[in-house]
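What follows is a set of structures to go through.
Same chain, two partners: chain A is paired with chain B first, then with chain C.
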Partner chain A sequence: MTGFMTLLQKEWKEQTRNFKVLWIPLVFIILGILEPVSNYYLPEIMKSVGNMPEGAEFLWPEFTGEEIFMSLLGQYQFIGILVIVLAFMGSISGERKTGTATLLYVRPISYRAYFLSKWIVLNGIVLASVWLGFLAAWYYISILFNSVNALEVFGFIATYSLWIMFVVTAVLAFSASFSTGIAATLSLLLTIGFQIVDSLIGEYWTISPWKLPFYATSVFNGNNDAAGLWWSVCITFIAVLVSIFAGVNMSKRNAAKTTV
Partner chain B sequence: MSILLEVKNLTKSYSQEKAADNISFALEEHTSTALIGPNGAGKTTTLSMLAGLVSPSNGTIAFHNNKTSDIREIIGFLPQYPKFFPWLSALEFTEMAARLSGVEAKKATLEARKTLEFVGLGDAMKKKTSAFSGGMKQRLGLAQAIVHKPKLLLLDEPVSALDPAGRRQVMNLLKELQAETTILYSTHILNDAEEMTDQLLFLRQGALVEHGSLEDVRTRYAKPRILIEFEKLEDIQRFKALTPWELTVTGRTIAIDIVAEKVEMPAVLAILYKEGFLIRKVERQTASLEEIFMEVAVIQS
Partner chain C sequence: MSELADVPWNLILPLLVLQFILMIVALIDVIRNKRTNGPYIMWIFIITFGSLIGSIIYFVFGRKND
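Let's turn to the complex of A and B:
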């Protein structure tokens, strides 16, 4: 894997200097803080600015900390994924389009090193963002709601992390295979689109990467389908490996498409 | 001199079209070769194949006396419009280029500095490339192409985008490099080719239509002729009547084809002198490279 360390440094510099290493964690952390805080203060906010008729009383549901984690996951599943796709859809296709890739491809780099350097840095940033977001949420949940069992939280985060890794790998592989626009469309279809499909008719199967977020939340409410969880984890791991393999090969095959 | 690179029957087809059609040539070490042709003749495609960016549909590219399997290890490539990562400084980029070509870290920094000084970017090496002008980008492009001391330097239109001053500078740099490396560059600016070339390759519609040393090609297409510019227009008729030769008339000037008419200067001068023609200019001329270019690469059917 010639040039791997150099490419890794290049990727890291890129993500630092375009501030993605800053704003992507910020998005996840802000979402992570807002979820418990807004849920906690919602009754009071509604009371003061909600324009409610005099004397109206609402019975607000009592949320538990676990439920806040689940609704935060709902936010990440939509806004979070959107951010990931939009931030990284051009990781490879963009380099080809602008022609910056040309000066890399004419050097004796291996495309495995090229793809994996991006894969590692992107996953690093996104996973760290998700973790920081959940940790921030956990902190506020323990202050405003009840303290949630640490083992459960880690199980939850670990399971969800695999799903996030799947998303990042898919975006990168699509970016290696297609132009930026198509890569974005396919990435959104595969992640958010299939997620909807899975939630609509997903009761007919128990094993799929799109079920991982669901299995992550099941850590909290205890209705564990251990076999389903582990098979989904395995399937997702295989999907990630296949995507990496495809991404490496497509980067190589599409090298000739770089703007000279 | 030994042969560095041998290209045989190189072909690249895109669906119906052939961007490169059965091109064969060899490059000797420490020579520079100009790839000449109009836009769309296949110059960039040929260079891209040599650079390992595009894989040929057919044919072979062989580096002699070379054990490496990856030809990218011993080449340096400068695209026509080099694009750099805007968030890297010139020094960082050149360093990265050297590292990716296998130069070890400490040496890479040293070489990067040296190379940037050499191309005249010594003062700008800490600047981000996004702030670079066209000429600076071209020079940085050259720096990244030579920083790892490649055996073969491939340059796609290295000076076409530059102003006369920048062109002069880059041409001088290339002449200096000639001592250390083998250069293959494409151009459609013939003055450049005339200035620095051991071999000319003419491409037309993807095919190699003519090649040889500058002198060879010159001689082959020289079309030596004598030009006479008369003072009076009516003298042309008078001169015509006096001589058996086929004349081409343009304004006050006539041209006599030396080879076709088997005539040389003294005979012409003798007539002019004897008949007392008033003349502005008499000249023996051979075809300029531009005329050869038009004939070989453009018009020839």
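Let's turn to the complex of A and C:
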């Protein structure tokens, strides 16, 4: 682990300089506040801008706090993941392209330390953002709807965090393996594309990383398929480890592609 | 004016403040280093009028980091 702490500091400094440390949490928090507020005021918003005919009566569904958490998860599953992929697609391939990597690769660094320093900093930023977003949403939900059981919320966030970790690791490994454009395409395909596949024909299996967000929401429903959940957690952990291993090897193999 | 008073400001205000911070940070960044993809005046307009989405688009596509 040659210079692991130095690489960690370098990575942190880079993420503060390009403001990712600031804007990614802000985006997740804003989404987290927006969801309960807009759902709470939906009837009034529709009344003022929805062009409803005079005298039309429409019964609005009564949302519970748990349902708001689920719809927020839906937002994160699309906009959140899009933000994660677009923000971090170039974290290794971009360094190769701009030549920052030349400064690093001429030094006797270990690629394991190089990849892991990125992995830790990126996961730290993204997980903190997701947690802050859910906590902000929780606060607003407890004001506008009903207070949701803390234990359920933590179970929900913990399960979802593992999925987010899987996404970040996949993006990083793709970025180590390919150029930025290909990395972005493959990451979006793997995260958002496979989600659609899983929602279409996913009833034939119960174990996959893409099922984790579903298991996260099932904390609220109470219909717990414990075996399916734990197998998915195991599979996701293995997938994360394999991606880290592949990422380390690919960043070593692609070191020659660096622009000098 | 009564309509303005009806708005639940204590709920909406944190949201506006956060969006404002995001916008200001993006604007300061544009004006400070001016090295953007495309003319930086265009990015100032996108950030000012695009609110949340505008700032995100700037940070993702507008910044040129080298």
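Going forward, the second predicted complex is superposed on the first by the 260 of 260 C-alpha atoms of A that agree within 3 Å, B and C clash if a C-alpha of one lies under 4 Å from a C-alpha of the other, contacts with A are read in each partner's own complex, and residues count from 1 in each chain.
FYI, a contact is a pair of C-beta atoms (placed from the backbone, for glycine too) under 8 Å apart; a residue touches a chain by one contact, two chains touch by 3 or more.
From a predicted model like this one, the values you see are computed outputs, not experimental measurements.
In the superposition on chain A, A:116 makes contact with neither chain B nor chain C. After overlaying the two complexes on the shared chain, residue contacts for A:13 are found with chain B alone; chain C is out of touch. Look at A:143: by the touch rule set out above, it reaches chain C but stays clear of chain B. Legend: residue contacts after superposition of the two complexes on their common chain; A:130 is shown touching neither chain B nor chain C.
When both complexes are overlaid on chain A, the residue A:98 reaches chain B and chain C alike.
Judged by the touch definition given at the top, the superposed model places A:173 against neither chain B nor chain C. In the overlay built on the shared chain, the residue A:250 is in contact with neither chain B nor chain C. Of the two partner chains placed around the shared chain by superposition, neither chain B nor chain C is touched by A:84.
When both complexes are overlaid on chain A, the residue A:26 reaches chain C alone and has no touch with chain B. Common to the chain B and chain C contact sets on chain A are residues 18, 98-99.
Those residues of chain A that touch chain B in the complex are listed here as 2-3, 6-7, 9-10, 13-14, 17-18, 98-100, 102-109, 255-256, 258-260. Chain B makes touch with chain A in their complex at residues 44, 48, 51-55, 70, 72-73, 75, 77, 79-85, 87-88, 92, 96-97, 99-102, 141, 144, 156.
For chain A in complex with chain C, the touching residues are 18-20, 22-23, 26-27, 29-30, 33-34, 37, 83, 86-87, 94, 98-99, 140, 143-144. Here chain C touches chain A in the complex through residues 11-12, 14-15, 18-19, 21-22, 25-26, 29, 52, 55-56, 59-60, 63, 65-66, going by the rule given at the top.
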